[in-house]
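Each of the two complexes below includes chain A, the first together with chain B, the second together with chain C.
Moving on to the complex of A and B:
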């Protein structure tokens, strides 16, 4: 293998894939990144056996070949090289990396032992705008559970209903749903949240369309020159749609920034009780007040002006409330609930695309 | 064969032939989904593993399956759910409310389990047969047993990984039991929850017979098959007991496949245990077999000193040497002589010295007086299963010459006869024949384990 690449390209590709390579794995080769030439392109791949990422970059190949090298070392090393052309040359299992100023030899492991990236040959393929997907992922993925005892909830559901594509995740204490828009293809995919976090990183600021290809067991995302493949979560996702309340006995509409501020202040006094704060809505005064008590520190009540219908109070985890408020976006938000023990809903007052449900705490 | 045990056997073999990282990553979580004739379906966790197994390890699977009785297997791989999850219950609520967490500084009502008592009682039930007196610290290491000692120490640090099974063999009273018990004690000390089972073959047989009689063969099997460390003393008593051998064979296989440590002792190497089934012989020789020798003079001195030290007595040097030289070859006799001396001195309020020791031991040391040259020659002849006349006769076939030489060696070493006398006893004219024979056997017994074993056995019979 002998080729020339630019430092910028190689560094970018290593940045996309290296994070997946895991040195804690029992199999040493999984801490490596596979470098392989094909048709005047260099592909870099890494996998942790759940997710595989491949990044193709342009290069001037004078001799074909492949090798795996330690991902962290390679990333740190290439990252500290100056911009310009890098020469790569393979001798046995040693990769010689040379620039005008630097000469190094990286010991590799033969590529033959590296797992093959799964190919999806017979699957459906469709496209979605990268920017839309990214926005949706940012608003939804964090709500997924990381509790492996209920594997279904560690996934994010991507489904179409009545021609509208939506994305949902829940950890059973909160639930986030985003409607991404019209989609011709009928899909029902349960994708591991961890893989989507990597996808989010890969999409970055790209405005490209993302091509999604899937079969029964895995799904492939193509963003520009990068491919991410992951398994699908096995199991049936609960029918979350019926859990989203549609009408409320008590409801407040207020500026999102005001709501965030009072919640933040109140949460300072809620640390002892693991973040629990009580929200009171008073229709007569038009005030939303949020109260927290700490037996050691003292207590706090913060109020904000709001447009309120109905009077009532509810106790929530302030961290979940802040997560929801940050994710919901928009100038004004609407917050509604029914009984003390029933689901609360948070959404952008101007749009119904995003719904965020938080379950109350029993006090 | 049941699919479970078939798969266990296959994985057990593969584990030995690939690196640990490869095994854990690619093979460990596979399962056998279906096997009908030569059609084999293997369940794997994900597509990466499926592809890797198809691409690189298909041949390994077919070979290993062939060894386990499924030839020309047609293997297909199928991705199954990562964790065999209980199918999601529909009654499980999707969204749930939690209680407000208790204030941190409120008195905690959570009951921290008083685990100390629990683990204690647990470890006790698995201390089966172990005597805490035997530890590595009070084992005297010398040239004759350092290999065995090192192997046992290695095992106690990482049971089941090295030297499995470990097979110790050697004559009586040279520390086999001590070492094996020390391994068990050490492992228990490091990991009080480990199930260490020490049992003599005699006891194993008895329990097995009981279990059969009371129809509890299952309990018996599960008990021994759940051990983490399985120590069997005096395995030679298994000879000739077919059913016990079968039960032991299965126990051995289950434990070995689960990488549980097995330690076995015997008075002979596996190959020389009569009427032991071949499959057991080969299994015993699988890990490491170590020949433990009678302690040499220096080690015997060290043993006397250590044992005296444990009685809080310091013996003069000449007494130590006298005991080491004159009280038999094995450690038990040595200890007996020492105990005799110490008891004698304690009763009469004397300090142990050389004259007391020599006086005492010459009283008890009656061995050579009982023996005649004829007895030794006869015993030797009987051991090699040749008529005594042949040894004394003129024949020079190899299978007679060696016993004759051994007999000469025994006469020299046990009765300290002169070479001309030895020659005469065996009907030879020339005393140089005797010199040559004794020297030859002395030399060869250092290298030839079976010769050494024969000599030890004849000696043991002589003094029995």
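Moving on to the complex of A and C:
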């Protein structure tokens, strides 16, 4: 193997794949990245056996070949090099990396020892706007569970209903759903949230379309020169749509930044009580107030002006409320609830594309 | 106690003192900040028994008094409040904190339980420019040891010699000395490096003069409305001046940014060898090269153009070299050494005010 690449391209490709290699793995070779030439392209691949990412970059290949090298060292090293041409040359399992100023030898492991990258041979294929997908992922993925004992909830559900594509995640304490828009293809995919976090990183600031190809077991995302394949999560996702309340006994509409500020201040006094804060809506005074009590430290009541219908109170985890307020976006938000034990709903007052549900705490 | 302060002032004062209170302490009350009115000023004080900091702010006092409250909660809380007037009112040991939107009660502990703040009653007093002191502290303090078994080396020595004030610190592997300029007062103070890190934070971007007052046991720094008192370190500081080499068998002058870059890249391959890198100067080629070998990962040689006198090589810890290169400042640096076991010297080529000495590793 002998080739030339630019530092910028190699650095970008290592940035795409190295994180998957860096995740704690049992097989040492999974900490390596596979580099392989093919015509005038160099592919860099990494996998943790569940997720595989490959990034293709242009290169001037004078001798074909392949090798695996430590991902973290290679990423740190290439990231420290100045912009410009990098010469790569393989001698046995030693990769010589040379620029004007730097001469390095990186010890590799033969490519044959690298596991077969997850791949998808056939399946349905469709496209979605990268910007739309990214925004949706940012609003939904964090609500998935990371409790491996309930694998279904570690996934994000991508489904169509009545021709509209939506994305949903829940850890059973809160639920986020985003409607992404119309979609011709009928889909029902349960995708690991960790893979979608990688996808979010890969989409970055790109405005490209994302091509999604899937069969029963796997899904492939293609963004520009990058491919991410992940296995799907097995199991039946709960019928979350029936959990989203549609009418409310009590409801407030207020500036999102006000709601965030009063929640933040209240959460400081909620540390002792595991984040528990009580929200009171008073139709007569037009005030939303949040109260938190720390028996040791003290107590706090914070109020904000709001447009209120109905009077009542509910107790929530302030961290979940802040997560929801940050994800919902928009200038003004609407927050509604019914009984003290029923699901609450938060949405952008100007749009119903995104719903954020938080289950109350017993108060 | 009943008074009004602005959020900006209270927040600034808590920022000055809270960190000392937050350091891990055995006495629970040391996690509190003492608030005390006196005429139309409010003082906030915190101490860890070694170091004490007091910040005075203007306030409208309608009833004098004092109380201690949890520093971290108070800092987080006041920091989250909007700008504007804050009302403080004490009822028993409960401090009521009220603004338009927020009503809080913070549970305090009576001021009588707070330890007496370190104070200095008399002593010599002199002034030094805050900007000069800050720059010197940034270049010197990090070189002090944090090994409590050799307390003398955890201090920074502030001394005058021939009417020139200098500051020095060493952990026995490296040594930093900064000449601060002429000083009429004769001094010889060994000040804990941790106290000087707090002083650095307190000086911030202020251009004020700093007043230094000291007796045999303590030193007081006054910066604007803030006072920091610390005990001095007991013991005799090593005669460090004789360790600074003045002539060199081998010496290179080069762009500091080049030296930093090649050291950074080399250090990546020096992780296995505890940071060990070998620097070679070659007068004939005018090149400085840094070589590092990681038996497992690979090896690296990086070169930079330099103006070189004498040919030779020396092995250093790359982290110490990077620390030194970052601290030394300036466009061009001069790096000199003699035998393989003797101290090396790094300084700004344009100035000899700052000397950074690194002891070599055995190679």
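Everything that follows uses one rule, which is that the second predicted complex is superposed on the first by the 360 of 363 C-alpha atoms of A that agree within 3 Å, B and C clash if a C-alpha of one lies under 4 Å from a C-alpha of the other, contacts with A are read in each partner's own complex, and residues count from 1 in each chain.
Following the convention adopted for this analysis, a residue touches a chain if its C-beta (ideal position, glycine included) is under 8 Å from a C-beta of that chain, and two chains touch if they have at least 3 such contacts.
Predicted model, so just to flag it, every value in this text is computed and none were measured.
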| item | value |
| --- | --- |
| Partner chain in contact with A:73 - chain B first, chain C second, else both or neither | second |
| Touched partner set for A:296, first chain B, second chain C, both or neither | both |
| Contacts of A:116 with chain B and chain C, given as first, second, both or neither | first |
| Partner chain(s) touched by A:106 [first = chain B, second = chain C, both, neither] | second |
| Partner chain(s) touched by A:188 [first = chain B, second = chain C, both, neither] | neither |
| Contacts of A:52 with chain B and chain C, given as first, second, both or neither | first |
| Which of chain B and chain C A:264 touches, first, second, both or neither | second |
| Partner with the higher number of touched chain A residues, chain C or chain B | B |
| Which superposed partner A:217 touches (first chain B, second chain C, both, neither) | first |
| Residues of chain A contacting chain B in one complex and chain C in the other | 296 |
| Sites on chain B touched by chain A in the complex | 20-22, 24-26, 46-49, 51-52, 55-56, 79, 81-83, 85, 88, 93-101, 103-105 |
| Contact set on chain C toward chain A in their complex | 70, 73, 76-77, 80-82, 94-95, 101-107, 261-262, 264-265, 268-269, 296-304 |
| Parts of chain A lying in touch with chain B, wherever the complex brings them together | 25-28, 30, 47, 49-50, 52, 113, 115-116, 118, 148, 150-152, 170, 172-173, 175, 217-218, 231, 234-236, 238, 240, 243, 272-274, 276, 295-296, 315, 341, 343, 357, 359-363 |
